[in-house]
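The two complexes that follow have subunit A in common; it is paired with subunit B in the first and with subunit C in the second.
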Partner chain A sequence: MFMAKTINTEHKDLIHDVSFDFYGRRMATCSSDQSVKVWDMGDDGEWTCTCSWKTHCGSVWKVTWAHPEFGQILATCSFDRTAAIWEEIVTDSGHGIHSTWIKRAGLVDSRTSVTDVKFAPKLQGLQLATCSADGVVRIYEAPDVMNLNQWSLQHEINCKVPCSCISWNPSSSGLHSPLIAVGSDDPNQSSGGKAFIYEFSANTRKWNRVETLINVVDPVHDIAFAPNLGRSYHLLGIATKDVRIFTLKPIKQDTSQNQSSLSSFEVRQAGRFDDHCSAVWRVCWNVTGTILASSGDDGCVRLWKANYLDIWRCISTFRENVVNVADSGNSSNTSQQQGASSTGYHTARYFKLAPTAHPSHVPWH
Partner chain B sequence: MEGDSKHSAKTWSIPDPTLASGMCGTYSGINTLMVFPNRPVHHNDEPHTSMLTTAKLYQIESFSWLWGRHMRKLVNEAVGTFIGLQKAVVDVETDNCKLILVKKSREYRSMIQACYSEISEQLQSMKEKGQTSDEEKELIECSGLLSKMELILSLFEIVFIETKPGSIVLSHLISWIHQHFPECLDRKREAMESEHPHQHPVYWEAVYGLVLQGRTEDVRQMLASHPNAGTDAFLSIDELLRKMPVYQVYAGVSEPEFTVRWYHWQSECERRLQEGHFTAYHHLTILCQILCGDQSTITSLRDLMDTWYHFMVSTLLFTNPTIKFFRLHAAAQDAISAMRGEDMTTSLDHVLLAAMEADALQVIKKCQHVLDNNWFTAHITDLLYHTLSLRNEQNSLAKLRESLLLDYASDLLGHSSHWQVGILYLDHCGPSGIAMAQLALHKITLTDDSRARKVIHMASDRNFDAVVDSVCKVMGRRALSQNRLGAAIWWGVRSRDSSFTSHVAHQILHKYIAEGRFESAPLLDQLGPAMLLSDTLTFLGKYREFHTMYQDGNFKNAASLLVSLISSKLAPEYFWPILLLDALPLLNSEEPFISSEETYELMYCMHNLSQSSSKSTKQSPMETEAAKVSFLEKEKEIRLSLSNNLARALMHEGTVED
Partner chain C sequence: MRTICVTQDVPANALALSPDNQQVVIAGRHVFKIYSIDEDDLVEKTNLRAGKNLNLNFSCNDVVWHPVDEAVLATAATNGAVVTWNLNKMSRSKMDCVFSDHKRTVHKVSFHPVEAHLLISGSQDGFMKLFDLRRKEAVSTFTSNTESVRDVQFNPYNHMHFCAVSENGNVQLWDMRRADHVEKQFPAHGGPIFALDWHPDVKNWIATAGRDKTIKVWDLSELPNECNTIQTIASVGRVKWRPNTKYHIASSALLWDCSINVWDIRRPYIPLAAFNEHKNLTTCIAWRADPNSLLSVGKDCTLIHHAFKDATRPVEKVNPAGLGISITGRILNAMQIKEDSEPLGTLPKLSMFRKRPAVNETNGQVLSSVQMLVCDEDNLLSTYHIIQSAKQYLLTGRSLAEICEHNASVAKKLNRPQVALTWQMLQMLYVGVGGGIDSLVGLQNSSRDDPSVQPDTALDNDQRSSRHYSGGDAGGDTSGGGFSAEEGDTETDDMDNHDLKLTDIASGMTINQDFFFGDGEINQIPFDYDNLNNLDMSQEWTLPNEAFQPRHEILHQSAMPPQDFASKCSPREIQEQGGSSGYVVEASSLLNEVHGAAIPMWKCEERVVDMLYYYANMGDVQMSVTCIIVLGDRLKKLLDEEKVEHWFMSYIELLQRFELWNVANQVIQLATNLPAVSQQNQKSTSVTLQCGRCGATVARNSLLCRKCACATATCALCHGMVRGLYVWCQGCAHGGHLHHIVQWMKENKFCPAGCGHLCEYA
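The block that comes next holds the complex of A and B.
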């Protein structure tokens, strides 16, 4: 069963991204209205907008949080060809705590729209990756984590095709070299695979392309590594013209071999689902990496989960729909779901979502 | 768990037309989804829409009846039993293991029953107050769910845990029916409490109901209250009821012996029926026909038995009391078709049927599909897993058990007040459990210091050093941003983060220069060896030590510590003026605390300082203009004191030598 509540964003244009901090208690939204809003969840579970400010001179595509070990830091990227680092300054004016976000750095190396921005896993220090429509992935680093004004461009990776999305491998163990997955939304099918895996080599201090997912030839709109739940392989979700789930199993290398040789992966497609019937725009994992949410052109959000035999399937679908009360033969259930209950919860704005009729949903006698 | 994704997922509707043009979902946490209106854009074009209303977000959370306040006990007690079970199966020898598993299963059942009766009471009181609310509706739903869970679990216990395959199951099934269908006892009470029981309309219904459950003693009691109890017919049926053999596993009667006795008894019943012992009494005829196992009679009374499984057990009691477990399924099918036909079966029927087929996987699958929770499936799978490993059967359930426990644990982790229970389950889920526990402890919102300490405690119990480190770092950052420098130092020391502690130590020193007092002095005094984490922190700790010595009047040691702080260059340069000013009273004291050697050190430091401060202001180590001015004012005094002290110290040292 699902409960829902609404939050009025007061964004005056399209929202492009909603992102949560490490704990899920803070939220940042960004929009074509060029602003970012930061929301804090109170003890009552209500979201309050604590700051809203203009960040860029163009649509803000993505907003993302750094690990709280580094403080309260946001990064944004925009159509205006820049990315920016923001830090929160909390002041107690005596009338309550007031939060302002200070621009610490502008990253202006791109000559085209910066399409995605992501902080690296904290083990790699305060690192940031951006990608842009001109096909370049840039890795920045703040060498002194106590000084956010200084960011140096560490690496530039030319992917040669327009980049739309990036994802760091969040695997927190020190066993793997850092990995980045990059997706391209180049509409030209003949240009080959549209999803790439880059690995950082500690010896050469370079990022190398170690894998191209050649059977993903349609434009990739979003890409996401799953948090690693003690698995021996990495899980990668891809939003292209369908939902794809890949497993990447590192192949153990003979240590006697040349260290600089590229490590490779055994890539397996664990799932491919065309339920959205059209392009898929976003994929997103839950924090434990057990459920993948996909959003598609059919206006649905679907949740995917693997069973104990590692077979992936859709477990829930959300769609915009005015509740269909005339579910025949399902009266006991509709009545229980329609009772939009408010008792027992702090907020009256919670309501139960209504399920649509389903054959497997047989009422208990 | 069904394969075909397109047909097994439920679809949920969000009633908002603004989402019609497209929506997007992002995850926050484990079970919370944020949905916002969105339509695809190409990154090379800048999209704009003129919105009539501002965009709304939808926060969607999975919600379970388990979060109701009545269920809190169920969640908390179940984890105790679960952990007890995991420990017990390791410690105990195999012989006793079955007993433990049965005991644990009963513990689960009694929890469910306790919850059920609590809700029933609540419902009763609501009914008396005449309230009809949504809460009542939910409670009714919950109590229905609980009673079904109990029904399934008790059958599960009989079929999978207590009995061995191929053994006789009926006695267990009878007690299962006794437990869940006590209505005939209610009828009996109702009838017996009336003035003339035999005239009460439910008198014979009660008699039939009791005999169908094999409650012969109760039947005899009721018949004894009949005015004709002294007649031959009544005495005859009483004898038959008294002599009815009952099979019990540990009664010392072997199965073949029981079978002989049973046929002997039943042929006696048939004989008396044929000889017309009961022709005068229609009701007694029916009663005897039941005892004879007459199928059509029992079927005609099916309205007294609410369900097919009651009907099945009652039929078997008089037709096939030694039925073997593996024949149960056929009996169940017969009972279903006799009761109402297959098309009327519900999900519960399917679960029970699967249990009677001893198809455990099917039971779990169906429960998971229909019951709105992982509580039940996780616990029964765990019970089953241990039962099977007890019998050394090839245990294919390990993966399923782990995956279901992970699901249940992650439900708990997603709940603000059950996360600790979730962690306890994860301790028993293998490597994935450990990984998830680490992740979850990392992600627990550190609302305050006590929550942070709780997380640290749970993490250090499990040797999750990275979690402890991370929590300390986050807390340190937070303390710093709130300007609680003492706390920040303390957290920094715990996480052994030297660059962070240096940063905070500098801040404390700056604050001391500005305000002339120490932030959270007691904390700094207790640093101990931890102060060696960074140079600045060491200096800070030692400088505090100097203050304490000075205040205690231990001037000699204070003086030498101060000089060593200056000469070791441990002090940041901006702090030198302060140190020299601190030396002033010691230099001026009558007794020379600072030796000539030490005085030279101080003079050297003074020299360096005045040289650098005479250069451009930018390079001056002194913090502010004011500090510089105040130092310059004192400079002369310090120099004078230094030379005075040097003279005295030289004289003093000379005297001692003599």
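The block that comes next holds the complex of A and C.
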């Protein structure tokens, strides 16, 4: 069973992204109201907003946490064509601990809206990838992890189509060279595949396109590599007009050949589901990469899992119950009440779990 | 209507529409032309930049069309002249009248909406001048007391008043009749204001825009009241209210944003529509008295007639949802609050209708609701089992049999029968095959040597023996299920009940094991598969024949059919057929038997390696790593070291995410064969010390600072030198003996050294 709690974020416009930190104890939300809020989980499991500040001059599309090894660092990207790096400064004024987030750097290379920003896996150092609506993926690096003010633009990859989302392959193994998946929201179906895989070649020190998922022709809204955790293949979730799951199996090559040539993948579409009956906006993996969550325009969140034969199925569906929707419709008067109770939650509601098709589809854990 | 674009040679600074909206004039430093607006074309009609001497009077900052007379135009020239033009003039040059009252460049000219012979100008010199076209002179001068007036406009509802904005960020309201003082004045922007526009329908609303990248809407009815602020991404050069709408306003930027945005002031964060046709900055915009028709000129030398339907809609393209899963399995879901609430499973057709809640009908705000879905411990998304397994699994320190058994029981308690089963199989395979006697001895030793283990096992045994009996009953009952499993597993791959079978088998397994463990004969279980068959026969239990190995087969779909195993066992079955009514009695003799022969005839290592890969691919790297650690060198040759390293690294990172540092460190320590992993806790382990007094770096292992020649680590409480454990506050660098500081901090908050610092010891 899931228990649902509504968090009153007091954002003044749409929330475009939510992000948990490495340990799942903090989260950040970003909104079109140009602000980012950071939430901390108390010992009682309640979330309180510890900082809220204006980050950009436009809608903030994405917010993401760096690995805590580098400090408490957030990156945001915005419609105002910039991405920004923020670091938390905790001060103890005697009345309690205050956290303030200081802008360490603004990345202003893009000439159009920066649509996504993601930190690289820890092993690759403090690297950041951004993608923008003009189709350029930029990789930045802070050469000195102690100096967050300096970010150098390492690579520019021109994807030639408007980019909407980006994802690093989180594999921490030396077996896999760094991979980036890029999705495009180009509405033109005839322009071919909308999801690309780029690989970093350590020899040429360049990013090269190694794969195009040609059967994804609709605009891609979100793309996510699953946490690898020792798998021999990579899992990629894609939110387009439906939910897609791909497996990318590296094809073994001779180590001698490997020096020069690009690695290739055996790409298989493991699942394609249009249960949302509408555009799918977001996909997200759990920590072990076994369950994919998707959020669609129908207002539902669905969870997907593979059974032991590697057949993916929907295992549960959540939807805001009808009462709740009606309630939040006249948000003008409820928001005042919510405003009065400035703490995070105002109600707790219970969700009905849609019955799983067959309980037996879920073998274990 | 469609979007039309015409290109000239030079950029224009301004444009103005004729009173009937059928013609447009564009003006710039080197261009001054009139175009007629046709249904699908813009046709050049007149080039006003004609005549013998094209002086600076032709170089325009602004142009305005007479509100009544289609033949009269006025321009603001860069040299400070205000020029009127009469199109009805017969000569080539249509220039009518030049007012050279301003000393510096004129930014803006504006006709009076009713008394159309009045023209007002705003200039860089800080003055506004009202010209009377009949008298051909400036009738009054308004002194703004600012550096520069950027825009000036008459109030469409109160004809005596006009509004001016200036570079110091102030808005001024003037009464035309009183040139001596400002009616009202208020600071509006933190920087120069570049544009202003009176709302065409709502009385006393103005919009101002400036270099601080904002557009502000003011209600001037009483005290100037800021209604809305739109934060844009660049300095705003022009604003124009969209006709026939109350809340829409178009803006163009002065810097680096080439598009024209139309905003809904109630939703000030995302443009309602954007025209992206211009390749360079837009210099001027004008609505053609029609909410769907906008004209603009830009630095890219184009004049564009935009159709509203061709605009992009950023509002509709934005991603309205956020989704996150925390490592503990919380789902955070943010999505747009929709006005309607249709039941689940709406047809796609219907969802098209309700695609966008019409912004006009609501109060314009679009909000997201955020929900945190918190799952129970036994939920699929929960990572409770990973954490608990990590904490409770034994990795080393006992015999293999004991570790396997312990880990199996951990898995069982966490309701993971398959994992439990795997542990039991490992126990049987390895203890049974290789280390039978070793483990027997080891186990006895360990239970003797380690008293702490003793009560635990005793308790377990009690529990087991009690379960023995209930298990016996249950065994009888569930026998049918067990049997069906046996039938099903090789023939059918029906997935729907396959998992059920697995659990059945697992439960059957549990029962068996309890039997064997029943009376403290732990050591013997591994050898007993034959006995099991026996037992089953004699007691008419229908537990599956292949109670042990075939689990393995099913899981890994190995080629080895269960029958093989059964046939191997059969001789002994026959042998033992007679006297196995009580297995406890039989136990010792069985032990001997098994020592002789019951070694599986196949290489179980490969299967085990397959199993490790299987678990890793299923996302359960914990199982793979734990098995490798527990089995130690037994699998060494068969495993790909890079893969194993990958598993270890993944598992260690997972443990670190769960903040299970001790377990993570244990895993690192036990990864002895993997240098890349075991080096992990040898990285960044050095601590540099600096002298608290002079800041000089203290040499290794030295207690004295060379520079100031005294002890570096003195206790703040006893003032003695500290050897061994030294704790200090990272804020003020004072510290001392651990026990002294602990004692002090129990009662005090402040630093014992008296520096006044509120010390923190984490």
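Just so we're on the same page, the second predicted complex is superposed on the first by the 321 of 365 C-alpha atoms of A that agree within 3 Å, B and C clash if a C-alpha of one lies under 4 Å from a C-alpha of the other, contacts with A are read in each partner's own complex, and residues count from 1 in each chain.
Methods note: a residue touches a chain if its C-beta (ideal position, glycine included) is under 8 Å from a C-beta of that chain, and two chains touch if they have at least 3 such contacts.
Please read these numbers as outputs of a predicted model, since none were measured by experiment.
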Checklist entry - Will subunit C clash with subunit B on subunit A after the two structures are superposed, or do they fit? => result clash
Next on the checklist: Taking the superposition on A as described, I'd like to know which of subunit B and subunit C A:Gly71 touches: first, second, both or neither.
Outcome noted: first
Next on the checklist: With both complexes superposed on chain A, which partner does A:His221 reach: first (subunit B), second (subunit C), both or neither?
Outcome noted: both
Next on the checklist: Output check: A:Gly125 vs subunit B and subunit C. Expected answer is one of first, second, both, neither. What do you get?
Outcome noted: neither
Checklist entry - With the two structures laid over each other on chain A, which partner does A:Arg81 touch: subunit B (first), subunit C (second), both, or neither? => result second
Item to check | Partner chain(s) touched by A:Gly42 [first = subunit B, second = subunit C, both, neither] | outcome: neither
Checklist entry - Between subunit B (first) and subunit C (second), which does A:Gly106 come into contact with in this model arrangement: first, second, both, or neither? => result neither
Item to check | Partner chain in contact with A:Cys57 - subunit B first, subunit C second, else both or neither | outcome: second
Checklist entry - For A:Trp281, is the partner it touches subunit B (first), subunit C (second), both, or none of the two (neither)? => result both
Checklist entry - When the two structures are overlaid on chain A, which partner does A:Pro143 contact: first (subunit B), second (subunit C), both, or neither? => result neither
Item to check | Stretch of subunit B, among 312-320, 510-518 or 618-626, that runs into subunit C once the two complexes are superposed | outcome: 510-518
Item to check | Footprint overlap on subunit A, where subunit B in one structure and subunit C in the other make contact | outcome: 1-9, 11-20, 22-24, 27, 29, 31-32, 47, 58-59, 61, 79, 122, 164, 172, 185, 221, 228-231, 281-282, 284-288, 290-291, 293, 295, 297, 299, 301, 303, 307-309, 311, 315-320, 322, 324, 354, 358, 360-365
Checklist entry - Inside the complex, what are the residues of subunit B that reach subunit A? => result 1-17, 19-44, 46-49, 51, 54-65, 68-69, 133-135, 137-138, 141, 144, 148, 346-349, 369-370, 372, 399-400, 402-404, 406-407, 410, 413, 431-432, 434-436, 439-440, 442-446, 466, 470, 473-474, 477-478, 481-482, 499-500, 503
Item to check | In the complex with subunit C, residue positions of subunit A that touch it | outcome: 1-9, 11-20, 22-24, 27, 29, 31-34, 45, 47, 57-59, 61, 79-81, 92, 94, 111, 122, 164, 171-175, 185, 221-222, 228-233, 277-278, 281-291, 293-301, 303, 305, 307-309, 311, 315-320, 322, 324-326, 328-329, 331-332, 335, 351, 354, 358, 360-365
Checklist outcome for this item: Residue positions on subunit C within touch of subunit A in the complex are 213, 231-234, 256, 267, 269-270, 314, 317-341, 343-348, 351, 363, 365-376, 379-381, 383, 385-386, 416-419, 495-500, 502, 613, 616-621, 624-625, 642-643, 645-647, 649-651, 653-654, 657-659, 676, 758, 760
Checklist outcome for this item: subunit B partner, complex, touching residues on subunit A are 1-20, 22-25, 27, 29, 31-32, 47, 58-59, 61, 68-72, 79, 88, 90, 112-113, 115, 122, 133, 144-146, 162, 164, 172, 185, 221, 227-231, 273, 275, 279, 281-282, 284-288, 290-291, 293, 295, 297, 299, 301-303, 307-309, 311-324, 336, 339-344, 352-356, 358-365
